[in-house]
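Pasting the structures here.
Shared between the two complexes below is subunit A, which has subunit B as its partner in the first and subunit C in the second.
Let's turn to the complex of A and B:
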């Protein structure tokens, strides 16, 4: 049992038992786990008023076999519906767009942010893994993952090797994973930086205009190293570094960019559509570096958790994430945990809110606000309690807000009066139930 | 130093820092019988696997950065 392993207990009477169990595990004495199987379940409701709604169910289970091996499984189901920004700019006139999901098109009123109202998908994901002791201080983990959406499939494998050092005060983990993802846009893969096709009466765009075929793929490879260190009797520190290489199709086939007049900022007329909108294009290679640190400090009754993450990639995006939470153990089996998270990211090199008529097309361009410079704040409160049955119940409510530059200084003409980065607000509610934990 | 050079040197720098830290790790920590507090609920990174996983999915969908204390991402068409 390493520095990061979960242990049971919460009350004073359990303290001695816990210490003995921990000492026994260090000495290699067989300590019998009280429960061989632990299952955690959770449900999430995510609502952006006027935009996206998501409902997600998750079950995660771990089973300890008599030989000390650990099996793990996870199932996820989520359903998503609502509206998502398509990337086009608002205009003083009504705009018409082709629906990517089978509709005959949709109209956006003057001054409103163009949202694709037909955003809808469901996802089913499953994963399983096995952790095998390799000697007394080393563990090896192997796993596989798969997920299916209407237009997206992912298959992945992962592995990790962890080793305990210095009386198990230090755990080093090396891990790697590879995902092979495939996207099948509903109207085929659009040719990047070409005009959006016209809607047809039978729904969707004119398939003949999608010259690139019906699907595209990418590979995602992660390699990481982690260190978990017991610093004192009350302090634990975790450090992680992950390098990620993504290769293949990373363009969002449903996102577009407006082409606007160089003087007025109004969307240019298209030949097949009322306005000229081009499909976006992103580079096919992305290299990411993530370093993260987490500190857990016991303050007697309560626990303080601090974490910081630094992220950088070769698309030009750098981000910093700081998170703090405080577990207020107001009763032996009950706690309240407020949580605050700050996030800031810089824009991708190829992020452009729009393209200007008459200027040369860039090699890559995307108006997806998620690639723009932004700040995000989330504030949450979690309540946890142990039920009479011995199961753990958690409830959480969280508010999430994203904001960016509403009025860029270089905006053209009419666009100076438009909101070019509307604030996104979201409410998140969770419920979790864990069985078999002691 | 340019951002590109920094990116190229980053893995080597991290390895160096990790090596130095590992040397320091040998001198900190607790005895096996002093782990009672560390064994309490809430004292483990990623203790709440369900909430952590649901959070990761939200942030993966809404932001350009992925990964950190867990996987670097992938496996979802939401970004």
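Let's turn to the complex of A and C:
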């Protein structure tokens, strides 16, 4: 630690000042401290015209204890209503389906994408965590999560360790979490790849297709590692990898597949229902890998953010997300932030738009459009301002468009004239208010 | 510590004395009681830091460290943070800023007299100076026997930053903390105007600094009353820890504007240690500064 073995010139061109400023921030005297308690509230509306509507209320907050520990909580309430594609193909004739409750049916007009109109749920989710300094450069975080829906429950625990290196220019984080989820479909857990049951006025009750019982569960384990690096005084790079292992029931109990005639493409007649539709089936295991890179470049007044995310799983889905966002700080307390995101995913190996009569049943099959090949683009604009009260207000509007192969080349008969992958549009609007911030 | 609260055109002023300096906290609030309670908070913090860092007391961690007779001493988090900071400053300044240089005061008393010590007396103390001789491995510090540390050189500016932060955690109002001319402004005033800040010149003949400060900190190094004068040579109180002798060509005072008061104070002190090179040093750092020769 001798005075003379340091390389000279540390004080040239502001280098010493930067180092001193950094030392001041380590000492805790740089900048205004965060308020001891900070609470953010927000409301969000997600609307797919003609389909799903989600209204969400959110509150989260952090509290810094005098001993340096940091506590946080988050509370979310969602109300979902509207229609969601049930997986069946459109047909030249009207089709009849059984609603998820089993107590009634619904009719879809000729040529229309079969949408289950009875999609309605509310979700309440809460989580909390504690971050404890562990020595000067290490932090440990522990947390718990729970959410409840009418037919779905999730319970989770998580933990993380982060460690600062190289004069705090580098932070390494290790994360892990485990969730235990359970689903209790309204009409019991259907037997996969068996015909959809007919509507019975008093619910499914003792129907054979629901013989496998009232609930199913899965476990989700995540392990992740992250690296945040201060590249230059104005450039920050974050790299993250997460590996996820999901084990258990991952089938969507409300999704079905049409069985169509091999020549005409028309739905085959069923025995209990007018058309033959089978409940979908997905594998019980899924392992996912996500690698993401994010670059934040401070341009003096404005900030440019670029990110790329790569996803791959053993169901055969690979996706790539590229996002660019620019924060235009046009006034000291006001900004506009446009962002643009592109998304592409390949289809799951067992994705089938429909099943063909006379062909052997595959081991797994799903017509859920979320497992199909698709492209999505979203365009958003966020505005942030500080109110006279000192609170921060943000407004955001985003447009999202998702599209896939409307007319697959191998479509059969009538299906060649149908839209087999309708474009989904969505509008997202939200408003946020943060209290207790300087 | 008594806190005196007065109405000012730009808010309420809470005044008290700490660290042998007049201390002021200006608050952009309407309510007198709120101003008084925030002023008391700042005063208590100043008192706490003074108690903790003073080398004139025998009931604090500095005394324990300085009287450990070669044994390691475990220190609390705040002291450890300050020692880390001192360690950084020592390295960044290539040994010019050294919290072990206080022992040189045994022979250097800047009382305006002609009592310049002998070369031998200074040389005898030099083995007791040098942060590189200290074993600091957080949270344990070991000083060689006879050595001392003094964090007082950081104390006032650190207290300004801490008090400003503490007050701003309790109020949304803008605050200006001024401890004997070292000051920090935090938060924006409701009318959008900056604080009007006057910094008295250490030299009677020179004009006081008068500037506007909305956000940031100002610290001054230099005390024109502390010097020795012998054979026409003026020995200012700025000592070079590597030689044990004053920096003869140091400016009378240096004032620096930076984000935090601790940072401004360090830059001002280091500029003084650069002697005639003070201006060049400060220009290199890209900060706003005022130098008085």
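Quick note on the criterion: the second predicted complex is superposed on the first by the 396 of 438 C-alpha atoms of A that agree within 3 Å, B and C clash if a C-alpha of one lies under 4 Å from a C-alpha of the other, contacts with A are read in each partner's own complex, and residues count from 1 in each chain.
In this text, a contact is a pair of C-beta atoms (placed from the backbone, for glycine too) under 8 Å apart; a residue touches a chain by one contact, two chains touch by 3 or more.
All of these numbers come straight from a predicted model, not from anything done at the bench.
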Examine A:51 and indicate which partner it touches, taking first as subunit B and second as subunit C; both and neither are also allowed.
neither
Give one of first, second, both or neither to describe whether A:238 is in contact with subunit B, with subunit C, with both, or with none.
first
Which chain makes contact with more of the residues of subunit A, subunit B or else subunit C?
B
In the superposed arrangement, which partner chain does A:136 touch: subunit B (first), subunit C (second), both, or neither?
second
Contacts on subunit A seen with subunit B and repeated with subunit C across the two complexes
3-4, 6, 8, 10, 16, 19-21, 23, 26-27
Can you list the subunit A residues touching subunit C in their complex?
1-4, 6, 8, 10-14, 16-17, 19-21, 23-24, 26-33, 35-36, 136, 390, 438
If you look only at subunit A, which of its residues touch subunit B in the complex?
3-10, 15-16, 18-23, 26-27, 40-42, 44, 46, 56, 58, 60, 74, 76, 78, 80, 121, 123, 125, 145, 147, 149, 151-152, 154, 156, 158, 165-170, 172, 177, 179, 181, 183, 220, 222, 224-234, 236, 238-244, 246, 287-292, 294, 296, 298, 303, 305, 307, 309, 311-315, 317, 319, 321, 327, 329, 335, 343, 345, 348, 370-371, 374, 376, 382, 394, 396, 400, 402, 424, 426, 428, 430, 432, 434
Which of the residues in subunit B come into contact with subunit A in the complex?
3-4, 7, 10-11, 14, 18, 21-22, 25-26, 28-45, 47-51, 53-54, 57-59, 62-69, 71-79
Inside the complex, what are the residues of subunit C that reach subunit A?
80-82, 84-85, 87-95, 130-132, 138, 158, 161-162, 165, 168-169, 172, 186-187, 242, 258-263, 266-267, 270, 281, 284-287
